[in-house]
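Naming follows writing order (A, B, C, D, E, F, G and H), and every chain is counted from residue 1.
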Amino acid sequence: MNEKELVKLLHDLQEKRISPEEAVGQLRRHPFEDLGYARVDHHRSLRHGFPEVIFGRGKTVEQVAGIAERILSHSRNLLITHATPDMYRELAETVAGLTYHEVARCITRRGDDTVYGKGDVLVITAGTSDLPVAEEARVTVEIMGNRAALVSDVGVAGIHRLMAVREQIFNARVIIAVAGMEGALPSVVGGLASCPVIAVPTSIGYGASFGGVAALLGMLNSCSSNVVVVNIDNGFGAGYVASIINRLP
Amino acid sequence: MNEKELVKLLHDLQEKRISPEEAVGQLRRHPFEDLGYARVDHHRSLRHGFPEVIFGRGKTVEQVAGIAERILSHSRNLLITHATPDMYRELAETVAGLTYHEVARCITRRGDDTVYGKGDVLVITAGTSDLPVAEEARVTVEIMGNRAALVSDVGVAGIHRLMAVREQIFNARVIIAVAGMEGALPSVVGGLASCPVIAVPTSIGYGASFGGVAALLGMLNSCSSNVVVVNIDNGFGAGYVASIINRLP
Amino acid sequence: MNEKELVKLLHDLQEKRISPEEAVGQLRRHPFEDLGYARVDHHRSLRHGFPEVIFGRGKTVEQVAGIAERILSHSRNLLITHATPDMYRELAETVAGLTYHEVARCITRRGDDTVYGKGDVLVITAGTSDLPVAEEARVTVEIMGNRAALVSDVGVAGIHRLMAVREQIFNARVIIAVAGMEGALPSVVGGLASCPVIAVPTSIGYGASFGGVAALLGMLNSCSSNVVVVNIDNGFGAGYVASIINRLP
Amino acid sequence: MNEKELVKLLHDLQEKRISPEEAVGQLRRHPFEDLGYARVDHHRSLRHGFPEVIFGRGKTVEQVAGIAERILSHSRNLLITHATPDMYRELAETVAGLTYHEVARCITRRGDDTVYGKGDVLVITAGTSDLPVAEEARVTVEIMGNRAALVSDVGVAGIHRLMAVREQIFNARVIIAVAGMEGALPSVVGGLASCPVIAVPTSIGYGASFGGVAALLGMLNSCSSNVVVVNIDNGFGAGYVASIINRLP
Amino acid sequence: MNEKELVKLLHDLQEKRISPEEAVGQLRRHPFEDLGYARVDHHRSLRHGFPEVIFGRGKTVEQVAGIAERILSHSRNLLITHATPDMYRELAETVAGLTYHEVARCITRRGDDTVYGKGDVLVITAGTSDLPVAEEARVTVEIMGNRAALVSDVGVAGIHRLMAVREQIFNARVIIAVAGMEGALPSVVGGLASCPVIAVPTSIGYGASFGGVAALLGMLNSCSSNVVVVNIDNGFGAGYVASIINRLP
Amino acid sequence: MNEKELVKLLHDLQEKRISPEEAVGQLRRHPFEDLGYARVDHHRSLRHGFPEVIFGRGKTVEQVAGIAERILSHSRNLLITHATPDMYRELAETVAGLTYHEVARCITRRGDDTVYGKGDVLVITAGTSDLPVAEEARVTVEIMGNRAALVSDVGVAGIHRLMAVREQIFNARVIIAVAGMEGALPSVVGGLASCPVIAVPTSIGYGASFGGVAALLGMLNSCSSNVVVVNIDNGFGAGYVASIINRLP
Amino acid sequence: MNEKELVKLLHDLQEKRISPEEAVGQLRRHPFEDLGYARVDHHRSLRHGFPEVIFGRGKTVEQVAGIAERILSHSRNLLITHATPDMYRELAETVAGLTYHEVARCITRRGDDTVYGKGDVLVITAGTSDLPVAEEARVTVEIMGNRAALVSDVGVAGIHRLMAVREQIFNARVIIAVAGMEGALPSVVGGLASCPVIAVPTSIGYGASFGGVAALLGMLNSCSSNVVVVNIDNGFGAGYVASIINRLP
Amino acid sequence: MNEKELVKLLHDLQEKRISPEEAVGQLRRHPFEDLGYARVDHHRSLRHGFPEVIFGRGKTVEQVAGIAERILSHSRNLLITHATPDMYRELAETVAGLTYHEVARCITRRGDDTVYGKGDVLVITAGTSDLPVAEEARVTVEIMGNRAALVSDVGVAGIHRLMAVREQIFNARVIIAVAGMEGALPSVVGGLASCPVIAVPTSIGYGASFGGVAALLGMLNSCSSNVVVVNIDNGFGAGYVASIINRLP
């Protein structure tokens, strides 16, 4: 409820179009819907330009279906992350138009394919093992109304591979750089790029990679000043914020 | 050197306007200047829209002065971070037009005060102790050609203080949220804002804050999807990337 | 054995109602019962107002049954935490009146449903994934003779959801705030509440949440001074101490 | 602003005793006072029964004096923690009635010495080196209107020393147990006590004590269910929450 | 080969009872036997008073059988730790006289049951969950020729349970104190005992116990000076060194 | 493309043997082959003297087969690490001449068995449990054209076992020292050897070995100056760099 | 108070030689003396064979003098650890017969130089930088009535230096092995020795030694079964427990 | 003493040219010299091709002078690391021909400037702040008889700077790559180079660089297989092992 609505509410009250008690009720009304097991936040659609996303892991298919139904009552697009093939098969029986993205482990429904983003989002990975996280980022970027490209296996140990995609790096409006192990890719990409670089550490690696901590620390300490970081394996988060940046007016 | 320049170079060669050896020389020419103790990167100005910044800590005044002179030969603006009052006093004797920002511990020279950013950058802090880092971010944002505002002491333990600046949060194009201790501010701000939020953990706190690690982990695990993170106390980095985002065409 | 009992014991001795050897025996008698594999502490019932609780994990059904039988010989209420459905089924064959709490993974028998607590205990969670820990806290609070309410999915990224339950927060006598990820909920709740807030970090999250460490550190560094912390996922402990506080005369 | 005040405000509006714009203004009015460098929260006094406390470290004497003046305009009692003797001497020149607690490193002014707490708060320490933290807790407890006692040097390696104060442990309404090194004191005290035990790890120790981490972990893993934990060296926090518990009606 | 044997060897050489080449061969002969996959160290039996022990985990039954056979060719006693019931069943078909200790997960053969130790070794545990580690210590102590007693479930939260076994603590020549969670038992026992206390942290616990790290740190920081520590869950190591101490002449 | 090739290319251009566009194309041509899911780097064969190695874990048999085919089109030798027996069986149906190394979990094909190394590489392990990592190192060393020897179970607790292989240590040109637990082997070997020692920590151990971290730290802090370290369990990496050193002209 | 004394006390009571109240008083009498700032534990002398030791760091000279006086009223020997030269000079003015050990940073007074230990205690160090910790151990061992020898700079990187003192290792009754950096010395010494080895990690080292953590982990993971560990830099603790072992009857 | 010398010794014995007791004496003679506070290892000169190096930190000038004198009695070259200017000034008064390397903080004396290394050693750094560590490596490499070059400020954020020194990278026989912050330099250099790369993490950085841990982890997880790692800030160690590799015959 913004100030304009508040003044209007109070005028309605002064004009006795509503009672004080009704006013209290409206002031109390919350911009979310309570399903018991979850509170769907319809206002987020207005704030961020995209409805609430469903984090599939740890939810039953029934819970996911319930939340999905409520979201689809307000929105034409839907994104479910960390979704298993089984979850997809069961959901597809009751919800039409779903797509399962196997590598990204995401379910989407895309009723609105308008492109809202102003430029291209480039997703770039150090190794092939980083693909699931990178694909989750790409699927997120696309369902939120952006053009996206994905370039993989251009880790810094073969710097000429990375140089070969220099043009794509120069031309992107936002870059998502995904890397495990030492996590050096965002630093090199950040040095080449003129746009913001969102770094995503992945849990790929072994031994002293500590499930992505080595890559995370590398990215936080990047010597390239245009690099920001999200949580380990958080492809969705990177795609989400890349979309918000790309859709800035 | 982009593709267009390369094709031109090769045409010059084919037309024998230059020799193969000259061409090799040009291909070899590097877009930086070697001062012996540092390599000044003039190309970065083109790529990121701002010249190389000087990190003052650990450098002698002579080194800082030398780098500053080279930068000012190409650029009208200058930013020196982690600068002491002594460094300012000595530099001011040879370089005209410098300003010292005491809380931010920065030196600036602003020859070009054009506003390039398209919107407002809001810097917001949890406590008064976070001010040095927040001011460093604000100074960076302004010297890079953006309007900036700073709101302090609105930590989440007094949520009504934060609610009081809700309008500023709604209207910002980029937000920098600075917090030590538990680092919860970016999550709450991210939930209220529709724009990207750059979270800066500070080393403020004691005991199990571990010099900013608690705040850093809190921010990386933020439940708000529009939050990205930079290194502990890295006000400059946050200001830098906020500027790049705000200047996106 | 308190001082009064000791003086009485010694008077009995002086009056030769008992022999010195009997006195030694009584002084030696320990307020617990040795089952071989466990020592049941009947005195704790007097000290804390609730009998020893059984931690079900890592015990065989036979061991749990044995301890349960001894406790029920002295007490009308029983709580078994970290109990599997199988454990419940087997126990239910020999012990009457048991209830299995599926989400909380607890078994209870409640022979005495007197309300001893003086006010309401509010259990509040950041996300739906925190429910198992929150429910364990709620079940504990209730079996120990308190009124409890549970509000879930009011994480700080949607601060208006939390504001909607402000009245419940104002009216509680003790609050248990359960959160994973960045663990910011207790700070915001602590700022709103006038009562003690017991913070429970959960292992919910991924990547740099490190199995609840991020939430734990966030809570230990809370800027709200009325927040205290228990171990990760320790819903029982939070419920236990909340009960003790709520039953303070 | 609670519901009753809101209904009254709206009635005033409906009765045209105030204009809608005035109503918006009142709804906007925030329960804090902005000093520029800090926002003093007068409402906290109502919520927690004690005014905002000043954390002295990292603030100038001028800042502390300014905040102190505002607090004393609403409150008769004042607490400044982490205060140096120099800070005390300077403040004492302008503010009358201050006391400096040397071991606790606190400044207090006590205009209201009413006892609000319902029972006794016992502060108990493992070693003499833990005294500064314990004294900070005791000073906090007393200034907030409680009776407090402090027992020191009763670490668990000499269990008979602890047993000698068993009566005090039995009779306390809240206990604050302060310990460094292995931090075992709260577990033993918790087993003896029938009341809540607030454990404060201290940074006392060397080697693998890691500045209090060993004690912190010991307390979080306490096998006594009535133990809760605050941050390392956080004597003030422990005293604050002990007071809130002790003043519960 | 000690000095006396060396002088004798050289005399033999000088007297031409052996050739220089034979002497070199004898000097080269190593006091171990090479099975290809392992080198059995028969000298350890002389040095430590007990033959090499077999660590069962990660070895095939064939490898264990091979090493066991070689050890039994020199020794009447055998200890295999971290042994599964399956390993026992297979071994028992070819090696006679084996016993399987189910809780301790050890296999022993005891041909020599002489008591070499000079006093009693007391194994004492905080909780019933610590029993596997404690039993491994007890089995080790006994097979190495010592009298041992095991007292369990005397954790510090019920200090009177521990006081009840004070006499056994006073009378022991070496104590092994086994505890998980906060690991406080050795500190209290160390304060009561006059003998060396070997502390064994166990991985029992959850959340911030970090697989035994909390207990380990607690023990390393023990305020009792007669406490020494072995690795997490290392019941065998504690038993081994307790035996060596107890057998000191 | 080295400088000589570049001058030649430019001469071709000046002589109009190729067009500027062709020149751009050649300058663009990258020394790798894009399979879609992976980019095979044929140049590495020239740089390091061995073709790209396939890391088997996390790849499907189809992916491994595809990469293997491309590598074998340029090279006679092949190494696949972290390969399962199943992967071997499937690959062997389509690729001839493969060998499976069970302990090392590697697949090799050796068409070229020339010895390129100038001396002997000694692989030495502390315990039998370190064998898989050590064997991976040995297989790598051999497939890269070196003579290798493996000595196992010579940990520092039985220093005479290590002394028995002193001659092999003296004679090696490069040593790979593999150890878990405290990781002390490389220090002792480094003190005896005159050549570089590559230390490989293994994840063997329990409790406070933290999956190889204890061994890793031990090796990084080695007091022998000729010791360098690779990642935990990285037998392949140790073998690779040992080969490069041994093949130095 | 042991059982015999208790029975006697009760008989006295029964015979009315003392009143019940006197009996309670005696049962209440605690075996320590309260100085206000410290509780001196005279019983420890009986239990451990040595009076309470004064940890000098963090205490004022007055406090140390006070405690020293009380100890010397019951004991002829005195040990003050972590003592500065200034503390020694001031104490020496009021207490006669003190000695200052510069490297060990200890003050001793030795009125009783009886040798109670049954064998020799060998203190052995890896490097010369470990000497302060090793000397603290040696001084402790000697003041507690044992013969001690100290061998330094025999780190494992020069294994022949260690071999040169093999006889001393064979002949010791208890060994204290002191090492920083990788902490490998106790493993090698433990393999050579037939007696218990007390390992003391020191904070010597840099980089990834983490203030002694690398050495600590190395020692906890020692492959020698006769090794036990004390806290980082805890030379006193090692000396204390070595003395207790050496004095075992 | 090698086998040949042993056979000779024994023949001498058999021929009665020496007595058995003399033989024992010779077998006992150790290849080091005991100064009391240090044991100088003259054999290391034979094993590693360079005499023992003096680690200056924590030693008095007298101790350094004593060790230096012994080393110079056997060797013409001397290296003292971690040396202060004061130490240099005092030493220079008694030892002739010393040089102080200010950035590297080393003292050298070079009587023998023969070049023993077979190729060039390239030291390369990411930033100017890494110079002290890099210079220590370069000084070490040169005093050990190698040609060395140092290239600085070629961090991966400006990849074109690194590409500009590609030829030097291609031509080196051994490379030492020094970097703080994210430590990505060795990965990129390793991908370009055909020789071994020794990675040295530095403690340069702030916040989540954790004193070099981020760089260390990055290097251990390098995706370039020819990278090995030494301890944080260990420029000497890197130079030492680079020399050994470069001098391999």
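Definition applied: a residue touches a chain if its C-beta (ideal position, glycine included) is under 8 Å from a C-beta of that chain, and two chains touch if they have at least 3 such contacts.
The structure presented is a predicted model; accordingly, all values stated were derived computationally and were not measured.
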The chains touching both chain D and chain G are C, E
Common contacts of chain F and chain H, by label, are A, B, E, G
Relative to chain G, the most remote chain by C-alpha centroid is chain A
Interface repeat test, D-G vs A-F, F-H or B-C, passes over-half contact pair overlap for A-F
Comparing A-D with D-E, the busier interface by C-beta pairs is D-E
Note: chain G sits from chain C at a C-alpha centroid distance in Å of 42
Here the gap between chain C and chain F, centre to centre from mean Cα coordinates and rounded to Å, is 55
Residue ranges of chain E touching at least 2 other chains are 3, 158, 163, 192, 207-209, 213, 216, 220-221, 231-232
Chain pairs that touch, by label, are A-B, A-C, A-D, A-F, A-H, B-C, B-D, B-F, B-H, C-D, C-E, C-G, D-E, D-G, E-F, E-G, E-H, F-G, F-H, G-H
Note: in the complex, chain A contacts chain B through residues 3, 46-49, 53, 118-119, 167, 170, 173, 192-196, 198, 216, 220-221, 225-232, 236-237, 240-241, 244-245, 248-249
The residues of chain E that touch chain F in their complex are 28, 30-32, 37-39, 41, 43-44, 58-59, 63, 201, 203, 211-213, 216, 231-234
Given the complex, residues on chain B that touch chain C span 126-127, 155-159, 163, 181-184, 187-188, 190-192, 205, 207-210, 213-215, 217-224
As the complex stands, chain C meets chain G at residues 3, 6-7, 10-11, 13-14, 16, 20-21, 23-24, 27
As the complex stands, chain E meets chain C at residues 128-129, 131, 152-154, 158, 160-161, 163-164, 204, 206-209
